[in-house]
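Below you'll find a set of structures to go through.
In the two complexes below, chain A is the common chain; its partner is chain B in one and chain C in the other.
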Partner chain A sequence: MIDRIHEAVRARGESEGDGDARTDGGTATVADDDAGSFFGSVSRDFLGSLPFWLPPFALMGFFVYGAIGWNFALSLVNVQQFNQPNYSQLDFDQYLRAFGDPSFISAAQNTAVLLVAFTLACLVVGLLVAILVDRHVRFENTFRTIYLLPMSLSFVVTAQFWLWLYNFDNGLVNVVTQALGLGRYKWISNPELALGAVVFALIWQFSGYAMVVYLAGLRAIPDEHYEAARVDGASTLKMYWRVIVPQLKGATISASVVLMVFALKAFDFLYALAGGFFPPKGTDILSTMMVRQAFSAGNRSYAAAIGIMLFLLAIAIVAPYLTYQYRRGEL
Partner chain B sequence: MAELVLDGVTKHFDDDGDRIVAVDDASIDIEDGEFLVLVGPSGCGKSTTLRMVAGLETVSGGELRLDGTDISDRAPADRDVAMVFQSYALYPHMTVRENMAFGLEESTDMADDVIDERVSETAEMMGIEELLERKPRELSGGQQQRVALGRAIVRDPEVFLMDEPLSNLDAKLRSTMRTELQRLQENLGVTTVYVTHDQTEAMTMGDRIAILNDGRLQQVATPLEAYHAPANEFVAGFLGEPSMNFFDASVEDGSLITDQFTYPLSEDTLDDLGGADDVRLGVRPEDIELVEKPVGDHDYAVTVDVVEPLGDENNVYLEFDLDTEGEGAGRTFTAAVDGTHPVAAGDELGARIPESAIHIFDVDSGVALHNRERDPDEQVIPQ
Partner chain C sequence: MNTSDLDGRRVGLYAVLFGLVAFYLLPLEIGLVTSLKTDPLASLPFAPPAAGSFTLEEWGRAFTALKSGLVNSLLLAVPATILSAGLGSMAAYGLTTLQWRGQVGVFTLFIAGIFIPYQAVLLPVSRFWATYAPLEEWLAVLWLLPGLEAYHGELLSLIITHVAYGIPICTLLFRTYYKELSGEMVEAAKLDGATAYTIYRRVILPLSVPMFAVTLIYQFTQIWNDLLFALVIMGPGDGAPVTVGLTNIGSSLTNLGFGVKMAGAFIAALPTMVVYVLFGEQFAEGVAS
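After this line comes the complex of A and B, so read on.
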């Protein structure tokens, strides 16, 4: 996702301010020519670079931004099934409908909970594991691979794993809770537990990613900072809390943006895990609701409106990050 | 204030079963208020020694005593030492004030306002009070250096440990800071162990210098003593720039025979050799005199190969005029002469090696058998 945004920004940067991306000294020429007549102005640099940026620019523009625009247009009309939309009357009825729909409110709430709980828990678990791995333990690389491995598995596969683990009769989770005298639980079908179970499974899959990001951040901190803190009399806990963790601000920001954007579009895992329930109780988030409305209920316009709102949420998360990166000159 | 004693301190690392000795049986008594410089080439174990004193490395053998108390097994926090790192190791997310206060906050129970006052006082003394609210990245290298020093000073420790603190500064600033650091240490009177590979710092800053090589302590002495009366060939060659000239020689009939020349020795010098047959003759470049024509026993006909003018003095590379194309042909040695001395490449001159200035070392052990005569008032300012 982030990559796609980077690409998009890059593509746009190239088309609009074609001086910025140039490093071959062509900038001044382009600026001067633009001020003069247009036809004489299309510089050789511009024409020469055309074959390189135009195809991806056109493809991105059509398939990504064109599709988003089309989706937006669709959300302004009311079209059921695969009927021909009538664009003569445009309104925001679908959005108003969403705010009056209890299942939309509950899906939005679930999305928010998933967004916050999942991101925070992943960051905390990832940070702790990264610190442990960074303390020059034996088999460090092996541990790192083990923690990161869940990331490489398909969500459909891991969802199936967790379905078995959460199985009421003989799932490992219930076997353990029963052995501990806590009894059995309907982890997936009980609406009160389902979201927690999903968040737990997702943490298992994603904390490895947070760990890798944090580990890179930790590796960038010079050993002298640890040593200076020790000579300064700080305990291990204080050393991490006051000297090391504050220096991981950049890693925290970039990891949380990726995790939050993932949480917004965590469709496949939830669909594979709880897709059997119509509608899923307790685990319905905006993306699963959108797919259900579009392809099961046939409310294409309603689904499009939900999609646009999800898109705006993603922008709201990514935009501040990109601005921050841009200000720091890292973009 | 404290006296720091290294008693047979040893450090070895295990590298896949191989034992690598980093510091081997180093014993140094550092007096209260003394400025001791640990000097040696890269990898000689000087930093490891310092880190053992700081508690950042465990001590494999021997004992570290601070005022008579064994501190070898204490955590760094319980040693009452402050360290200045080569990279300064300022915490980038904290302001200068927070950086300086951190050690006091973590190692003492002082109230916040007391800490604040002490930080301000120290900052004033260091001339960095305007920088207190800035972050380290907003400071120049020299300012960061000052903050790093201030951070150590504010803690008022028993011992300062400094690991090449000036090596990241440019040459001009380095010499200013050198003087300033010396003055500070004198005023504060805190026992200081200073690690450097720069022999100028070693010679000019320390009350005493300890020269290390391959993890072994070579000599602990005042700078001038180490310069004029080196304990062995390593010390002689390490101190001084350009470094001492060495010639392999055998002792025959009261003379040193080298591939290039024969050097007659006096009875006194011969006595010092104690019957050794194979020795190494050493003479410092500044002790070689250039004369118009070789006349005396210790004068040799030479040709000037290259002249390096440094302004105040010239480094002159000389080649012996040999009759035959023997083994020693083409061998150059260095003389440092006054900058106003007219000398050019190709000049044919005489080089005088005064017997009062020669050092003789044992070839196998490197131990000094004979050192130069010393005028006790003599001052040497090395490059």
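After this line comes the complex of A and C, so read on.
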């Protein structure tokens, strides 16, 4: 940590040559030379800014980057239960073990299904609802508030509601399917249905979020674009598909990144659904598997390796997004 | 397009919008009526309790079971929310209003922190609090004071953990806001010879009030709703927040105890629901950015 800061300071000092002409923001009484004598010629604005961002950065950096590094080290050894890790022997055995482990493979598959199905469905539902809400309806704010309400609830709370909705004997879902003549199903305990049932419940909880993001995107499109399309005689459907949807690229990208990150965090929902470390059969995802291996089975290094793989997955999703934001100057 | 056609469309539009209201609210309505029934299996799930089968007993049972969890959640969420918002505002100020080269790099490290899956840090974090920083032991003398118990040490670890992982999103929210603030007042204050600290306290903080509302509401909801850290750092002990208590209410895959489960779900969700109903606008703004 400290090394990184020194490095940053040094890098800063070296690149100072063409210095910017900004006036001083911090210690106005200290002369430029004074500040420079210790750190090279670091600008006083940089020094003045340190007390503000460095403490939060140190706290966050320790818990985020420090912990990830520690976790990576843990994944390179083989430590069970509460034994002390032996860091003299490092290898990638835990990662190899994962790829030979059928329960890891199926958890990875479930994670992929959850990520893709949940994200796509939320985007589609969110976009459609946003278009409806955007058509100058009355009580627009009330509708929006109601659609977003489930997102303010805890995963633990919504899991209780959905357990009851999916109940075999008297849950709403079975009452509806039976009324439609489709019969009743064990939505949660049938491994073939469980993942779909979970995805549906999560769509209920988070499609409102996609709606809010799309609504902001729709509001940013100038009215003339709608007008121009209408003058050209485009039908409503065509207008949205050709003119409006392409302009929502930014909203789509940021909404999908956040939704995928939510999906990776679906642990709380699955834990609450089952009331323990073993989620319903057919819904085990990498986040639940990691916690079970770490805190129930005691395979700490294996769990650490799964954690690192989840981290890499998140990086693969987020890095292109951050690059995109950076290029657009929005960071 | 004649008027009746237009009216037909409008009616259809509102029908769909009200249908969606039903879709999003029905699970809550069902939960509420179920919590008030003596036998949830005896009538249709969404029907209100019949005259003879109305009971508040499940609410009483759920409240007794969750009472200490509610207190713990409050002790956890309020300080953690305030601290993470305050630190986020400071960091954003140091990385936005005070300008220096390379700040985008540091800021990117903050942002990446928003997206990390907590599974990648759980083992070190739980180990850190259990072995390397056992606040419960270190502060042992404090627990002799009236009103303080040993498990408050665990709550303190949980508060620090939530603050650390909350800083990135708070920093992002404040930075977006500070970028749009006019630089004129800051420049004027600088010309007057104001220090970075004075500018922050006199110029930036007063202007930050609307953003503090957004951030505090968002963070409070996040921290109140969290299960994972609470489960891993403290387990189901005396200090467990309400989300942990709720997972232990009723039994999961049987028909028993749905009344108490639903009542418990509402009790656990009540604070965030109240905050949401009062400050829905700010919550929407928080999640949208």
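One rule holds in what follows: the second predicted complex is superposed on the first by the 277 of 331 C-alpha atoms of A that agree within 3 Å, B and C clash if a C-alpha of one lies under 4 Å from a C-alpha of the other, contacts with A are read in each partner's own complex, and residues count from 1 in each chain.
Assume a residue touches a chain if its C-beta (ideal position, glycine included) is under 8 Å from a C-beta of that chain, and two chains touch if they have at least 3 such contacts.
Values in this document were obtained by computation on a predicted structure and should not be read as measured data.
Student: Identify the partner contact of A:227: answer first if only chain B is touched, second if only chain C is, both if each is, neither if none is.
Tutor: Once the two structures are laid over each other on A, A:227 reaches chain B alone.
Student: Quick check for you: in the superposed arrangement, does A:161 touch first (chain B), second (chain C), both or neither?
Tutor: It touches chain C, and chain B stays clear.
Student: In the superposed arrangement, does A:184 touch chain B (first), chain C (second), both or neither?
Tutor: neither
Student: More residues of chain A in touch with chain C or with chain B?
Tutor: Counted on chain A, the partner with more touching residues turns out to be C.
Student: Let me test your reading of the model: by the given contact rule, A:249 touches which partner, first (chain B), second (chain C), both or neither?
Tutor: first
Student: Look at A:238 in the shared chain and tell me whether it touches chain B only, chain C only, both, or neither; answer first, second, both or neither.
Tutor: Only chain B; A:238 stays clear of chain C.
Student: Just checking: does A:281 make contact with chain B only, chain C only, both, or neither of them? Give me first, second, both or neither.
Tutor: A:281 sits against neither chain B nor chain C.
Student: Counting only touches as set out at the top, which of chain B and chain C does A:97 meet: first, second, both, neither?
Tutor: A:97 sits against neither chain B nor chain C.
Student: Spell out the part of chain A that touches chain B in their complex, as residue ranges.
Tutor: Chain A residues touching chain B: 222, 224-225, 227-235, 238, 242-243, 246-247, 249.
Student: What does chain A use to touch chain C in their complex?
Tutor: 8, 11-12, 15, 20, 22-28, 43, 45-46, 48-57, 59-68, 70-71, 74, 129, 132-133, 135, 137, 141, 143-158, 160-165, 167, 169-172, 175, 188-189, 204, 208-209, 212-213, 216, 257, 261, 264-265, 267-268, 271-276, 286-287, 290-291, 294-295, 300, 303-304, 306-308, 310-311, 313-315, 317-318, 322, 326, 331
Student: Any idea which chain B residues touch chain A in the complex?
Tutor: So the residues of chain B in touch with chain A come to 54-56, 75-77, 81-83, 85-87, 89, 91-93, 102-103, 106-108, 155, 161.
Student: Show which residues of chain C lie in contact with chain A when the two form their complex.
Tutor: Those in contact with chain A are residues 13-14, 16-17, 20-21, 23-28, 30-31, 34, 40-41, 44-46, 87-88, 90-91, 93-95, 97-113, 115-126, 128, 160-161, 163-165, 167-168, 171, 186-187, 190-191, 193-197, 199-200, 221, 224-228, 231-232, 243, 246-249, 251-253, 255, 258, 261-262, 264-265, 268-269, 272-273, 275-277, 280-281, 283-284, 287-288.
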